[in-house]
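Both of the next two complexes hold chain A, though its partner changes from chain B to chain C.
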Partner chain A sequence: MQNFMQILVSGISVGMIYGVIAFGYQLTFATSKTLNFGQGEALTLGALVGFSTVTFLIALGLPPLAAYILALPIVLAFGLLQGAVVERFGVRQAIKTKSEAGWIMATIALGIIFKNMAENVWGKDPLKFPSPLSEAPLTIGGVNLRPMEIAIVLGALAMMLAVEAFNRRSIYGKAVVATSNDRDAAGLMGINTPLVITFSYALSSLSAALAGVLIAPITLTGANMGAALGLKAFAVAIIGGLSSGLGVVVGGLILGITESLTGFYFDTGYKDVPGLLLLLLVLSFKPAGLFGKSAIKKV
Partner chain B sequence: MLEVRNLVAGYGKVKVLHALSLHVPKGQLVTLIGSNGAGKSTTLRAVSGMIRPDSGEIMLGGRNIAGMASHDITRLGMAHSPEGRRVFPTLSVSDNVLLGAFPRLTGARSKGDVKADFDRLIDLFPKLKDRKDQLAGTLSGGEQQMLAMARALMLNPEVLLLDEPSMGLAPKLVEEVFATISRLKAAKVTMLLVEQFAAAALDVADFGYVLENGRISSSGPAESLKNDPAVRAAYLGAAH
Partner chain C sequence: MNSKSVWGAIGFGLALTLGAHAQQQPIKIGLSGPFTGGSAAMGVSMRDGVKLAVQEINKAGGLLGRQILLVERDDEAKNELGVQIAQELINKESVVATVGFINTGVALASQRFYQEAEIPVMNNVATGSLVTQQFKAPDHKANYIFRNSANDAIQSAMIAETVKRAGYTKPAIIADSTNYGQLGRADLEKALAERGIKPVATEKFNIGDTDMTAQALRAKDAGADVVLTYAIGPELAQTVNAVVKIGWKVPVMGSWTLSMASFIDAAGANGEGVMMPQTFIQQPSTPKRKAFIEAYQATYKVDRIPSPVSAAQGYDSMYLLAAAINQAKSTEGRKIREALENLQTKIEGVVTTYDKPYSATDHEAITANIPVLGTVKGGRVVPANAADLEGDNALRVKPKS
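Right after this comes the complex of A and B.
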């Protein structure tokens, strides 16, 4: 039972990471019906920029936690910028010409370029990200909880709730929702919809960058860290539904937990199988995702 | 106020409008009538920037807006209540109305009293008041039409384009829509109205244009168009 709880805990923290990246997929899909297939690389870059900033600040004499907190805004700003670049150079033209597949190739290509850049700047070997919190686990009811795992869950939830609050409360957030509902009609409201799409890409990469710095302290940081995460989060986005915020959290948790359980009770070599089977099942029986809603449309 | 000169527009290689010209003077209600496929909606879409005109001039208050993006045209004071209403289904009725004032709320257009306008419009359309917090996607067709008009009026527009406001509505609701248009006319809102109910449109309008295959085939004061035998035969039905 304790083993089970232990596995559940680590499944939850990885699941929340998947959830945040998948949330990023949703953001761009909502406004533009396109996705950034370089989300994994956005995560990698976020983690590596975080690594360099934190290392630099620690070298200046700051304690790891302070360095980490100071680095966060830099990482997030970098994520925003990187996402805007992807949209401007990879996606905008494809949207303008209503190309069906142009953005797929363009975002994959940009992802590869970013990965190559990361390999050249930070090297191919994994790096050890200085942990901002104690690495000694807290024991609660016989279950070991690493403080960073708690930080992951809280950070992921905070990010998603902040975006949700922005969309519900501010006029700019409502403009984003309006653009997701009906781009042409949003344009008639005076909303600069191309800018909204750029913004959603920026926010999407910001989510990935945040996921990167959240997971970096408990994993190895390097140019290849993002690819598998990005792909699995894509599965999560499909399982949960590309239109449901709750869906990506639940989908992320399902995938994270089934992975950990399979890895422990069966064989780590098969840990990806149950999640991918689930993906295939969802695609066959509920293509809009477990929580996907078909739009309400009345003519 | 709004002057369209030699407008050519369409979808890709298919041209729908061939050198169309029309004029909407300040404070007047001008209507554009014609059969299905004549190019009425295309005219409005080109004027508000939803599609890019191929050539021609669209003057709004002395400025050529042809080829500008629709969000920039809106900021200059052109409101367009589009065909099919196009309300935002997952936002509440209040949020839909509020978004009509987006340029005013974000400094792209003079602000005035958004709150007072909101209250005034929601009083003008009592059904919206009862359903303020409901999602717009759950409204009936008639209510969505009222919402689309209220949303467009929140801009405090220089010109209001109304595309088929009566489409798909029960006769009683059509009457209600036209009563609202009369009230807006009395309030001196400059309007360009596209309608399939030509008789009702000419009853309420100051001036009318008849569109045939992308060209203006006749025009004149609404009163005289109504009595024009050719227009009567083609658009008003023999019984009139």
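Right after this comes the complex of A and C.
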């Protein structure tokens, strides 16, 4: 039982990360029916910008935790900017011309450019991110976990709740929801839909950048850290359903937990298989995802 | 001066320039290794070691009166890219030999092109036991693949012997899913079986995995009393982090990759005390080692070499190759191979002194007596038993066959 709880907890913390990245996919898909395939690279850049800021602040004499908290707004601001750049150069033209595939190629290309940039600026070696919290494990109810794992879950939840609250409560959020429901009608009602889409991309990269700084202290930071995670999160977005914010979070948890459970109870060599089987099952029986609303596409 | 003599003078001048040009044409040597990704620390250190040797050789007048020109390529630890680079180096760059290969998979995939073109390869880091066996006699007339790193058979035997001597009976093996990890795991299982030990758990993970809790818990549940690893830096760090996280106090040993800077840095305090075989430890235990460490630090402005083993083996591989080219008095692949198989000069290297390191049937310069057991202490690799590198023990040479 203790082992089960231990595995469950580690599955949840991995799943939360998948969920946050997938949440970014969901944000842009809702408003523009497009995705940023460079989401993994947005995560990489967020983590690396965080790395530089934190090491700079620590060099100034700040303790790691204070440096980390001060670095967060910088990382989030950078995420917003990076997302807006992706939308402006990769997606806007494709949406304007109603191109079916242009944005796919463009966001992949931008992802590669960002990765190469990261390699040139931060080098090709993986870097050790100074941990803001103690690295010694805590024991809670017989389960061992690292303080950073708790921070990951809390940080991810806080970010997603903030975005949801913004969408539901504020006038700007309502513009986002309206654009998601019907872009053309929202445009006719006087909502600046291109701006809403730019904003959703900015938010999407912000969530990836946050995921980056959250996991950086427990893994290594480097130009290649985002690629595998971006792909996993894509599977999560499909399982959970791209049209539901709650869906991607639950999808992330499902994938994270099944991976850990299979690894422990079956065989660590087959850890990735059940997640992919689940993906195939969802695609065959509920293509819109477990929580997605199936929409009829009018041609 | 009539026009005829003018043309004659121009022709004569042209011939002189061409002649001089031919003499100064550098000897091209290929260098293939990963300079990006998880293996980059090894690739970059190896490259820098090789470059250091080339600088020294060129400064001393080069080879056969010509300078050495390194043609460096990043194979990104990808098999298919390694193959592409091999073909480019052979056909386009016309290298006379190639040094490098960190990753066993890349070495196995790329070497066949050199073998076919009869161009020698010095494997200075890749450790897969198969690497030098791929083209051995009698199936092949001549083998162009040489090595100066401690192969996995040597390393796994050393790990198994340490396990047995320490009295552990229930090892758990945790390895990555690459060629390196899985071939190493097989070698390790074999070496343990020879000593009557059977692993109680064998776990696996993929490159890029960040959470090894499941693997560590399974090993713990199986009642393991020691954890043996076969993987590379970043994932090794995640493995020891998971072991510590679940509150498991267990000794960790593994292949030489536990000395990678990316492991030591990411594991931090959790990585202290892990043990691994090392052909070279960054300590000035011989005058040659002292000179090498100082030259490396001065040239690349670092204190700790990212992967000291790779740097030292890279450096030595270039000197072995240079000695062979000098002896062959030719850059023809077949003659270089023959010279390597019958080297007349003793080469004082960083890892060991090479006295007839190769023969027609033996292409391994490093034997089981050469590596020592290293351990991580204070963020650096030091000898596990200080006596291993003291006095007469410091220089360990291949026994005469």
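In the analysis below, the second predicted complex is superposed on the first by the 288 of 299 C-alpha atoms of A that agree within 3 Å, B and C clash if a C-alpha of one lies under 4 Å from a C-alpha of the other, contacts with A are read in each partner's own complex, and residues count from 1 in each chain.
The working rule: a residue touches a chain if its C-beta (ideal position, glycine included) is under 8 Å from a C-beta of that chain, and two chains touch if they have at least 3 such contacts.
Nothing here was measured: the structure is a model prediction, and the numbers come from that model.
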First (chain B), second (chain C), both or neither touched by A:A178: first
Partner chain(s) touched by A:F166 [first = chain B, second = chain C, both, neither]: neither
When both partners are placed on the shared chain, which of chain B and chain C touches more of chain A: C
First (chain B), second (chain C), both or neither touched by A:L188: first
Contacts of A:K271 with chain B and chain C, given as first, second, both or neither: second
Which of chain B and chain C A:S260 touches, first, second, both or neither: second
Overlap of chain C and chain B interfaces on chain A (superposed complexes): none
Residues of chain C that touch chain A when the two form their complex: 35-38, 40-41, 44, 177, 203-206, 208-211, 213-215, 217-218, 221, 233-234, 237-238, 241, 244-247, 261-262, 265-266, 268-270, 306
Chain A residues touching chain C - in the complex, by the definition given at the top: 3, 6-7, 10, 13-14, 119, 124-126, 128, 135, 137, 139, 144-146, 215, 218-220, 223-224, 227-228, 260, 263-264, 267-269, 271-272
Interfacial residue positions of chain B with respect to chain A in the complex: 48-50, 69-71, 74-75, 79-80, 82, 84, 86-91, 95, 98-100, 102-103, 105-106, 108-109, 135, 137-141, 144, 151, 155, 168
Residue numbers on chain A that touch chain B, as the complex places them: 171-172, 174-175, 177-178, 180-182, 184-193, 295-299
